[in-house]
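Next up is a structure, given as structure tokens.
Order of writing sets the labels: A, B and C. Residues in every chain begin at 1.
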């Protein structure tokens, strides 16, 4: 067999292998209604975020004074708000913002937290002590209060609000990774001490990585929901996105004064958006956790 | 390990003509239901127990021993269910009683000692609270003080040192052996007729095992309590029991007086079990013999003998694969009443009798 | 025991110290002009200058930090320019309303969680369990301010059976004589049943909404804990004594299951604190949370900053108390071995 043919086979096998892995994941998802529901929700919201603004090409910022607080109709499925903007267009744009915030928080807080946790676990001693005290300081604030402190101090807006949500998220990743590294380190330590010193790091990495590959995404799913909920809360309080940005929390605020006087649709739909996104995240985390840890068989 | 079994207990051996059973279980069936199917854990098990008698139930883990014990007490929790059979205790069928009626039976007429004393006691209640709970339930006339005094007396009886002081300790302040003594005290608090001891010493270290077993021996002899001892340790059975039931895959595959069973195992599974016991004098002869294969999946019971796939005797016999062997009386030696569920039981007994005859 | 209290307290002090530095950096060092931030955009230059002097912005960071912390512990939490009152007075006058609301929300959450956890686990009915579980998932995911609006729409706007967003009492209802400044309690003390029911009606929606997320937290923890405990052997032991199933559960499972959920008290407090900011303003509830949101809208950040510091401080204290309480209640940490006694 020629080298080229061999390369082709491996390429093909690798492709087939990944397809098989994908099928396996799909099968797991389909078999678990809760998981399927969560994944479906996230896909749906993702679809709305990506395609919504393209398909429904009304301008979410366009004011139409002649058409204020119009109830849902064919021309505006979610009605219009108090200055005549199309709520559906704003909802779609809001999905984009919320999912982007959720993703940004998960990626940045996850990366920073994981690195802090690894550093604390690997180096131990004073590095560990110093890093963990920093983490404790972050944990000394209720999450929303810390996010408020960041936005008040650094200036109000979507970006600082995202930073404000990232900070209280970091400790969870850091603590998780630290405990996993320490667990492996204490187990590996004895045998590794006898083996070559240089290999210790690699052994730890090899043992930590597979665990982290499941536990970090689970945490991330929950964190994703938390981020979207907190962003909406900051928007509602007035510390997040500013008018006229169509962020879901801000949109709920805009509809607040009209809700009992008949303009319920302005607040209702963005709230449902937040609710679905957060429920999807929590449900995904729940189901994944139960699946990974058989001891947590939570079924009755 | 001594096999002298005839010294203790009123009923040494099986005597089928004896009608005075304190406990008679007939055809008891239990199963565990799950979405993946139903596991038949106890498949028509019968058992007789005379007053003061000690019966041993041996078998591997998963053979249905513990499910049997819980089923007798009516303590099987969903997804486990008792689906058939009778449990005649002191002349009445307690399998028919509802939970309210069972409350006067459990802890008073029949009680149980569980395997792991670490988890069988509530960690946030004192030892005293946990002993008096059962005394106050069944002897309310004693009152609070009387129950406490009785509890201290019980603790003394199970040889817990400084009982008067240690009654107010929490379980974590007791060692494993001490906790098992407490469990025995709880079980015997109301002088039950029957005590089920489910692997009472398995979780303990070897020296403690012996002490606890000796203690149990003394206590039940003094009180005339009949005991069902569930264990996988044949040494304990030899030391403690009058009669042995061997369980396999939810069935009693053989029963015999202890001495007979050790001398002449009829069922090939029993024989294999006995061979798997380490004997110090044979350790030099290589690895311990083990039973090849694994017990059958009780969720989908195949026709035929459940031991067939692991059996050294039945190899190739069609009968073993198609028909469930019936319980066959192993007549001919010992005190009688022995049975085995094997298609070859008769041949095996005959072989033994021949062998005994030639050596005699 | 004493050792436990001391180590926990020391750890909390370190956390408070770290948090105070974080707050100082975020609120004093990071902003371009902290004095302008506190005085608000509409303040005159004299007011801002006075603020600069008060903050001592030209001193070294270290002495600024100590003044910052010293002021906080002396109750000097700044001056609210939009109202023209010291922040501490404002917070003091708003606190009882928030405490009353939080208290009822907490009771709803606690009682509801216990009942639901028992319903979900005791009889082992899968359908009941799934239903309540799903509901709890919504509890975690629902934005409280949005839910506040929706239930307002339903019970006031559509059904009109509960009062609208008008605060703690109907407009014409007079407040009961001040004792605890919690209207339901004061009304009962004064024997004014009418006032009591009016206050209760006004409390119902906000307390339920505020309690929803804490209920969900609590329920999920308690349920998991109960499931774990109900598989424990000591329940079977209790039953083998002839104890009724429910009695065994009540005596042996419930207290043991409660113990781990105690650690969630901090989380629940945080949810109530954050929730107050989000829910109170919807109902025009004259509490601390509404004050904070008004502060944000009017850019009167002295109030917001004080709330941040108080919130963090109270949070650490709650966690500390819970930690110590846990040690006191659990005999495994409370007592050493009798052998070593």
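Criterion: a contact is a pair of C-beta atoms (placed from the backbone, for glycine too) under 8 Å apart; a residue touches a chain by one contact, two chains touch by 3 or more.
All of these numbers come straight from a predicted model, not from anything done at the bench.
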item	value
Arrangement of touching chains [line / ring / star / complete / other]	line
Which two chains share the largest set of C-beta contact pairs	A-C
Chain B and chain C: spacing of chain centres that average the CA atoms, whole Å	54
Whole-Å gap between the CA centroids of chain A and chain C	25
Overlap residues in chain C, where contacts from two or more other chains coincide	124
Where chain B touches two or more other chains, by residue	none
Of all residues in chain B, those that touch chain C in their complex	70, 73, 75, 77-78, 99-100, 102-108, 111-112, 114, 116, 119-125, 130, 133-134, 137-138, 165-166, 169-170, 172-173, 183, 186-187
Complex contact set, residues of chain C against chain A	11, 14-19, 21-23, 25-27, 30-31, 37, 120-121, 124-126, 129, 137-138, 140-147, 149-150, 152-153, 156-157, 164-165, 224, 227, 269-270, 273-274, 277-278, 282, 292-293, 296-297, 301, 304-305, 307-308, 311-312, 315-316
Complex contact set, residues of chain C against chain B	124, 232-234, 236-245, 251-252, 255-256, 259, 330-332, 335, 337-339
Complex contacts: residues of chain A adjacent to chain C	133-134, 136-146, 148-150, 152-155, 225, 229, 232-233, 236-239, 249, 252-253, 255-256, 259-261, 264, 267-268, 270-271, 274-279, 281-283, 286, 296, 298-300
